[in-house]
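Please read through the structure below; I'll follow up with questions.
Order of writing sets the chain letters: A, B, C and D. Residues in each chain are counted from 1.
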Amino acid sequence: MDPGKLVSAEEAVTRIGDGATILVGGFGLVGAPLALIDRLVETSNARDLTVVSNNIGEPERGLGRLLRQSRIRRGISSYFTSNPEAVEAVNRGDIEATLLPQGTFAEAIRAGGAGIGGFYTPVGAGTLLAEGKEEREIDGVLHVLERPIRGDVALVYAARGDELGNLWYRRTARNFNPLMATAADLVIAEVGELLPSGGIVAEDVHTPHLYVDLIVVSP
Amino acid sequence: MDPGKLVSAEEAVTRIGDGATILVGGFGLVGAPLALIDRLVETSNARDLTVVSNNIGEPERGLGRLLRQSRIRRGISSYFTSNPEAVEAVNRGDIEATLLPQGTFAEAIRAGGAGIGGFYTPVGAGTLLAEGKEEREIDGVLHVLERPIRGDVALVYAARGDELGNLWYRRTARNFNPLMATAADLVIAEVGELLPSGGIVAEDVHTPHLYVDLIVVSP
Amino acid sequence: MTGDVKALIAERAARELRPGEVVNLGIGIPNLIPGFLGPASGVVIQTENGLLGVGPRPQPGEEDPDDIDAAKLPVTALPGAAYFDSASSFAMIRGGHVDVAVLGALQVSATGDIANWAVPGKSVLGVGGAMDLVVGARRVIVTMTATSSAGEPKIVPRCTYPLTARGAVDTFVTELAVFRVQESGLVLTEFLGGANLEDVAAATAAPYEVALTN
Amino acid sequence: MTGDVKALIAERAARELRPGEVVNLGIGIPNLIPGFLGPASGVVIQTENGLLGVGPRPQPGEEDPDDIDAAKLPVTALPGAAYFDSASSFAMIRGGHVDVAVLGALQVSATGDIANWAVPGKSVLGVGGAMDLVVGARRVIVTMTATSSAGEPKIVPRCTYPLTARGAVDTFVTELAVFRVQESGLVLTEFLGGANLEDVAAATAAPYEVALTN
């Protein structure tokens, strides 16, 4: 029905421009759209990227490759520490780091996709991570106001996708992918297996197809 | 593994006390836990209830039966209008009505279950439904601050449940049920079919079992 | 309002929808639109009670009790449909992922304000998803008769009924004309059902320009 | 810290968990706890990267690349397990649906403050789910050695390291003792590994009462 969504990884990453904010799925490398990242590293020249991802890959793997190319200007993440090279890059001042508690990070991306202007969470209130943010007591508990996160492009990975763009994630490879698929102007889904339309049980679609703009099949 | 969750509908509704706030799933009667509601009507005397439900049933059906018994003190809903008797009861002053846009209603229940202290939505800002609520401009758009909704007890319906309490909802009977299952101190799930533990594919569990306290099998 | 008038409006509104667009249809005239969309229209229908990919009405006797739309009428689901909960559905709507909302109105203003949920002096006890839809959908089309049953124009300089949202509507389709809300003001772009300038003038209380596009 | 010390702490912490409780286990000592839970413990393990019902580590060669825990180590899933996305997982945690979080700490105070994610003077670039867990879990158990590798007591009158959360911790388990944070102040309820009052006094900088429960 919508054959226009299916493209090559190389073609897909041409849609990422200089200065873009990209949301990248995965918890560590599990559920990360590795073919898309590799093509971004190898065939795109987009620079000054803001990367929103729970981790910045590992040395030489995933987003760690992009980091080595000095193409990341800013990272928004809950755990830079899993890639020592990301920590070094931040400490050298090569990339700007915004750290969020992992649940706030997830919720802020969900809010970005859901048209929520901001939300109050008790997590992080009264700590270093609330500095510069509005805080208020709600029912006697200190909360911090967090803002939604959106991207220009989201790169997500799903084990299964159908031709319409419905997605189904396998085991813990789901993680941030469904949230990120809602929160970017252009959503590129890398799928392990491409099914005909309707190949995912309608109740068990994790990401409905309206969120997905382009589909790339993993090599 | 947790046989203690399985009870009769009659036993389950004894857990609803006078003055309780109850969250009741369903869009109209579709996805409403009708056996639980019927037992609440027929075997419980709990009064002065606050009912949080998208609709207040229909005359003589679902929550409409409870309404006829004058046991509802307050309704929080997006659409009282679908039961003319609910409208009459409000107009007579018999029940207090709190009206919310349907998306705000859903999001507030989700927030109640997710530990969110409040959220800003553009929906309803500047209208009658924002009266008495805090409003602020975010990125040039007027938003209204909405508070989370929680209940003492949630009554939900799922086509399938397993012995642990994992739930799977069928077609549009899902609606508010998964949200309500997260947002009450005691969650009672009426299930159409009871499966052994693991009878729902792990990726396709809609409500993980930790949310469910009691399971009742539909007659 | 006769069935002919409703059909006229629905047919014209259907032509506003483009292949691939995700559309939410309100109760009343908008619910007639699917009858005017060809099978190859490519329009995808979302219903806010939790289904993307609404198909035709089922044959009598083939209704599935769990498959309804927001009007609580039986529906079918097309291959590739997806079901989701109400928070997810309104996240979709509020988040701008539904391309078009088509819904009725009691009043609309020349600047796209809409009042469609409450009448002054009556208790306001039903809003449903109307506010979410007009705020969240990328394009909002109002389908309505030009005047109320009392003969009052519904297109007014300023809504006197309680607002659903301000500046939210892009297009009005009545039995007389199509109007576009533009930066410069309201523009009549097309006559319908053989109406002329005089007919529209008599049924419209707000100022508008005329710039026919066909 | 020797393996014996870690095992001692993990074993004692395991006995804090009750059948039916949903527990999230942090990296390090907490990750040893499953080894001390019998198969009939009834404890359900949640990992914040999206799995409720974590089972034993897989046999070598039987790892599934999509099945990991928050420490990024391979896990299995038990029958009746459920997977979910990260927003749902932290909704579960923040919303108070996880009964117990067990995690390590750099410092804790007599009032239950905890510092476990940042060292002063170093860049703070990793927080993960620690803040969400200590705020959201109904009961928070800290497992840690009594003193730092430099020999400094970790139980202090007031945390000098950046806080993870204030007043969040209920129980500390070290290799020397079990402490409960109560309204009245910190209470030592049990000695571990043959330690005595003197050992604990030397390793503890915060004031505490002693009220042995066994």
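Assume a contact is a pair of C-beta atoms (placed from the backbone, for glycine too) under 8 Å apart; a residue touches a chain by one contact, two chains touch by 3 or more.
If you're wondering where the values come from, they're calculated on a predicted model, not measured in any experiment.
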Labels of chains that are neighbours to chain A and to chain C: B
CA centroid of chain B to CA centroid of chain C, Å: 29
Intercentroid distance (Cα basis), chain B paired with chain A, Å: 32
Gap in Å, rounded to a whole number, between the CA centres of chain D and chain B: 34
Chain D residues counted as touching two or more neighbouring chains: 77, 83-84, 90-91, 93-94, 135-136
Shared interface positions of chain B, touching two or more other chains: 107, 110, 114-116, 121-122, 169-171, 174, 202-203, 206
Chain-level touch network, classified as line, ring, star, complete or other: other
Inter-chain touch pairs (all): A-B, A-C, A-D, B-C, B-D
Chain C-touching residues of chain A, taken from the complex the two chains share: 1-2, 110, 112-116, 162-164, 166, 182, 197-198, 200, 202-203, 205, 208-211
List of chain B residues in touch with chain A within their complex: 107, 111, 114-122, 138-139, 141, 143, 168-171, 174, 201-204, 206
Residue ranges of chain D in contact with chain A within the complex: 47-51, 64-70, 72, 77, 83-87, 89-91, 93-94, 118, 123-132, 135-136, 162-166
Complex contact set, residues of chain A against chain D: 27-28, 30-31, 54, 78-82, 86-87, 90-91, 97, 99-104, 106-107, 109-110, 121-124, 126-129, 159, 169-179, 206
Partner chain A, residues of chain C touching it in the complex: 20, 22, 42, 44, 46, 52-53, 77, 79-84, 90-98, 136
